[in-house]
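In what follows, a structure is listed as structure tokens, so that the remarks can point back to it.
Which chain is which? They are A, B, C and D, in the order written, and residues in each are numbered from 1.
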Amino acid sequence: MSGNTIGKLFTVTTFGESHGPALGGIVDGCPPGLALAEADLQHDLDRRRPGQSRHTTQRREPDKVRILSGVFEGLTTGTPIGLLIENEDQRSKDYASIADRFRPGHADYTYHMKYGFRDYRGGGRSSARETAVRVAAGGIAKKYLRERLGVEIRGYLAQLGPIRLDPVDWNAIDDNPFFCPDPARVPELEAYMDALRKEGDSIGARVNVVATGVPPGLGEPIFDRLDAELAYALMSINAVKGVEIGAGFGCVEAKGSVFRDEMTPEGFLGNSAGGILGGISSGQDIVASIALKPTSSLRIPARTVNIRGESVEVVTTGRHDPCVGIRATPIAEAMMAIVLMDHYLRHRGQNQDVVRTLDPIPPSAF
Amino acid sequence: MSGNTIGKLFTVTTFGESHGPALGGIVDGCPPGLALAEADLQHDLDRRRPGQSRHTTQRREPDKVRILSGVFEGLTTGTPIGLLIENEDQRSKDYASIADRFRPGHADYTYHMKYGFRDYRGGGRSSARETAVRVAAGGIAKKYLRERLGVEIRGYLAQLGPIRLDPVDWNAIDDNPFFCPDPARVPELEAYMDALRKEGDSIGARVNVVATGVPPGLGEPIFDRLDAELAYALMSINAVKGVEIGAGFGCVEAKGSVFRDEMTPEGFLGNSAGGILGGISSGQDIVASIALKPTSSLRIPARTVNIRGESVEVVTTGRHDPCVGIRATPIAEAMMAIVLMDHYLRHRGQNQDVVRTLDPIPPSAF
Amino acid sequence: MSGNTIGKLFTVTTFGESHGPALGGIVDGCPPGLALAEADLQHDLDRRRPGQSRHTTQRREPDKVRILSGVFEGLTTGTPIGLLIENEDQRSKDYASIADRFRPGHADYTYHMKYGFRDYRGGGRSSARETAVRVAAGGIAKKYLRERLGVEIRGYLAQLGPIRLDPVDWNAIDDNPFFCPDPARVPELEAYMDALRKEGDSIGARVNVVATGVPPGLGEPIFDRLDAELAYALMSINAVKGVEIGAGFGCVEAKGSVFRDEMTPEGFLGNSAGGILGGISSGQDIVASIALKPTSSLRIPARTVNIRGESVEVVTTGRHDPCVGIRATPIAEAMMAIVLMDHYLRHRGQNQDVVRTLDPIPPSAF
Amino acid sequence: MSGNTIGKLFTVTTFGESHGPALGGIVDGCPPGLALAEADLQHDLDRRRPGQSRHTTQRREPDKVRILSGVFEGLTTGTPIGLLIENEDQRSKDYASIADRFRPGHADYTYHMKYGFRDYRGGGRSSARETAVRVAAGGIAKKYLRERLGVEIRGYLAQLGPIRLDPVDWNAIDDNPFFCPDPARVPELEAYMDALRKEGDSIGARVNVVATGVPPGLGEPIFDRLDAELAYALMSINAVKGVEIGAGFGCVEAKGSVFRDEMTPEGFLGNSAGGILGGISSGQDIVASIALKPTSSLRIPARTVNIRGESVEVVTTGRHDPCVGIRATPIAEAMMAIVLMDHYLRHRGQNQDVVRTLDPIPPSAF
């Protein structure tokens, strides 16, 4: 299938550009009978929405999603769900200055080389604005997983530049504009971002996502392993440069005698594996971590070339997130939800008639 | 598609277990007219082959691949290429002791929970033995990419436990059993591995893979980005827990003014991006890095449960790699080759008629 | 992929119900640089549009399509093209009487059994109203194929009930509401339909579709043969019960010495094969024929069951086409265009570097 | 996916040429726990096998299938099943005379134009020999469907040239070399075929396939309708030029009041629809019919061109079936089985949690 579809049984296909009339998508394969209304999706859209604090882009978009099909009398029908989000606050003229030159670190040059030309307004299709549809689609998966399987998917900002955020208070995350899990550190983040904005610079970030309550058995080895598909889905988020499952790169220096998560009837004795063994969920928490690069769109001038190959300078004056990682939490949650949903349906398609000899081991005995 | 196929236009589907009669696969979508013989694939199979030094498993497999179709008078015909590798040195009785219990950190438990039972001999389908077929299939992609596009794909061991291997001498890599890029460090690796083997323990590793000569334009946003598909393909390798593109997690603490790779007519001024912008290759080197966990199959006893859910101890006496990362280099190269090949065909399918206004910028001006 | 996507490289995914707010779709994989405007798609939408004569349903829909993405400054960008068609003339209350009972010969019962309940308004997702999006999407394929390859795709009504329409005047087809290729027979068709409408009954039809100018080489054996994919695409049209390629069922009584289309340097000496040999286009006209059943929605009462399994009677009073075959011509053309477009891209993806030793044989020497 | 894979959850990928060392395939997605041995597949392979009567090709192939993976201790494991069938009776020199010229009505010309050259020995990949793997793979689906769902899939020769075979005695079909359902007509078929062989000519045929016991609900509208996928699968069989579901082309002259299959609590009052409504199975018998063209490989000389485009004559002296339809019955059954199996898994993947308000209506009250 062409590149704008994710999933095999539960599929999400999206369209839309940063400065076109609308974004949208089609969610195909959602089981029938799920209670679903636009309001169910709005909460996560609002979490991702720009312009909610001084630390993110000042573009003002209501990001109101419309459900155009696939729901009848409040329930999903099993047919495709059409989603539409109108763009309202485009300022395309902001981009006239970059029409003929490539912003370094952006998709400008590669889109031009791939397609011969590009929609330069706000990055066109390569803009992270497209992720609004992912969040809406992921909201459907999240709702199904929560209501039918008891799966919760939650993320948080784990690191912003040099600031590592450690103790996780799940209740605090939505109470600050950073998805920071430690309320005591919010002033530190604010001070850092204010200074950064003055410099005209940007910074990277790390976001963690955790799914609890995932039943064992999800994932299709050899290639469509659950971890491989999560890596695909998370790496497809704009600006992501790395994906870890469980201990991730921490495993490089680890010894097997320590790293392997021993098992007892009372539960696993560790979760280095991040809930996935052999590409299949173990019933432990699914834990993933992503690295998001600093945006390249800066007031600070940069050397680049134009569409005629000449050396020029570029300065970006549009509205941008100085740390794209800040708004990435709901997007990462959505992508994990889409993957888990797809694999849940695929798993029960192939293995519905399996009779297990064993109750699942509890996620954790520690 | 079910889980044992990778790719859309250039597809690889594999079958086979560690202790079954044979492994095999089907490569579909290879362009016609490529000169291809079994000997072309044997070199990488030999690089991956077990039993070549005391530092890897002592299982002795010739890993001779047979091409059963798709080649006529020495040239690929455009029809599917059937590959077959016989298993010769199975010692299934080694595994009788684990038939009823789950090795921690392995796929034993998850396969059992997914499918209701499992082929316990040598890990069955979850064994890394399956990667022999990937290496053979990847060899076809590598040959096409090299001969038709001038693309070279090479990997090396970047870190083994605490030992980081830095200066890369491409010519040294195949001259030692570790794929170590720095010949001066080989004795250190040997000493480390000998000590580890005495302990009965295992260790993690990091492997880097680099593709040079990749034309700009490969990758299909939004989901099938080149980096997303590389993450999927590399994470699907047994024991991989993390994938980075370019600077990877190094981007978290980086500022945009430094991280963005500025451009000049003479070339890019950096490659933090690892050769991929907006999910599309830029013409720079494609750089990926993976973390491989230490194997969990150890002589050191571990707590676990059996198929009746009872607490038991497990000791693994089969033949295992104390560092699965050592033999991972040709596998990682193969997976990168398969992804690049697929994306090359997809790109020219959609964009063959694009007329570019610009010659590609050289990969690097530094 | 779930069931609402067709194609591999050029893909079309649709959503929408008969009485929902809108229909829509996403065309992914269209090459960049194609001049495209909404007006380009409107012509075929108007040909399919209901309410244009007394012989089709009296529902009044302007079927105005909006292009929401994928086009910039009048050219396709290579990114997904979002399409939207608002529903304007729903009369959902017409359907209250069938909410609890299944119309025989309709999807009512099977949707209910598959999904547990159904959107009964106008057939919901199973309504042929959905084909409006196919026609819009097919229009993009048609335009590309015509402008870049010189391929023309045209259909006509070949039979309406007992009336067979033989000599094909391509110029006459769009000048009557039946897509009848023989203008002299139009009054006969009108009389037949008027009588039928009085009876309250419906009738079947046969539609033929022909593509000229198709280059040899399109189609991917063994399964994704061009004829197999055409059969899939054409059988997916509502009410279609049979698909033929070339001579179709006429081959059953044919002898090989007559049926095989001999070849000379001046051209093929026949086209029994309908332009496809071994699943691959031969350069001759692609010829397909489909059978469309009579609609089951009639004023004439029928025995059926309700959602509680009780015996009831059903009468359909909504607005329906007494011969669904009449409006099927542009839909069949669209489906053929989508398949040819997808196979053209797939073919050049895999075989772009093939050097042929032979000029194509002309389509026909007779 | 490239063209040699069929299915989404239950997938079959094949490889192999007529005169290569072996044919084979991979069945991915088979549920675990199915008792499976090579002997289970051999029965249908023997039904398809050449050389069993004087009315089919005299090539002698034992067609012994080996299962190379995916089965452990007699049960499928849920992992891919590797299948291998060695070619034993190749006489490639028979084909030297056609190496440089294209047999009319064959894939010779189209393969040459698509791929630039071809494996001319016995038709290479385009040979119907490839269908042996389909029959083996279909045997797995058949066994699952029979044992788990009570579905029976059976076919028969419905017409051979002018001879129509009507009353169906299911017990007689396997007792004659024609799959003729009426034992009284077998001498007539033998006489017809003997005369035909003397002429050196070939003849077309029609084969019907029927599945009983299929539960309602299988099929994924809009595109992946059950009838659309059956049309795809059946049209992909070599020599097939037409596919009908239920009444097929008989619907063209039918009126809706007669054609619609009315329903009562005691069952459907007809099956014009062939068991599929709106692309979804209704619980009635799935009925399909295919037209197979006469083979073009004849002793009778034909005009053609050679690979340099010159006018030449061709005579085929290899071993061929004078009526390819005769051996097509088990192939058609296999393809229907593969499609039903895939759709059964897809359906339960998406709709496992549907609670139906209604017991299925019996297939037929007549």
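The rule we apply is simple: a contact is a pair of C-beta atoms (placed from the backbone, for glycine too) under 8 Å apart; a residue touches a chain by one contact, two chains touch by 3 or more.
Worth saying up front: this structure is predicted, and the values here are computed from it rather than measured.
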Inquiry  = Using only Cα atoms to place each chain's centre, name the chain farthest from chain A.
reply    = D
Ask   = In terms of C-beta pairs in contact, which of A-D and A-B ranks higher?
value = A-B
Inquiry  = Centroid from C-alpha atoms only, then distance chain A to chain C, rounded to Å. What do you get?
reply    = 38
Distance between chain centroids, defined by C-alpha means - chain A, chain D (Å) = 44
Request  = Report the inter-chain centroid distance for chain A and chain B in whole angstrom, where each centroid is the mean of the CA atoms.
outcome  = 25
Request  = List, in ascending order, every residue of chain A touching at least 2 other chains.
outcome  = 1-5, 8-9, 14, 29, 32-33, 78-79, 114-117, 125, 221, 346, 350-351, 354-355
Ask   = Across the complex, what residues on chain C touch chain D?
value = 1-6, 8, 14, 102, 104-107, 109-117, 125-126, 130, 159, 161-162, 196, 201-206, 216-225, 227-236, 238, 240-257, 259-265, 269, 272-274, 276-283, 291-298, 300, 302-305, 307-311, 346-347, 350-351, 354-361
Task = Mind listing the chain C positions that touch chain A in their complex?
result = 1-5, 7-11, 13-17, 20-26, 28-29, 32-33, 66, 68-70, 72, 75, 77-82, 84, 114-119, 124-125
Message = Under the stated contact criterion, what part of chain D meets chain A in this complex?
response = 8-9, 29-33, 78-79, 148, 221, 345-346, 348-355
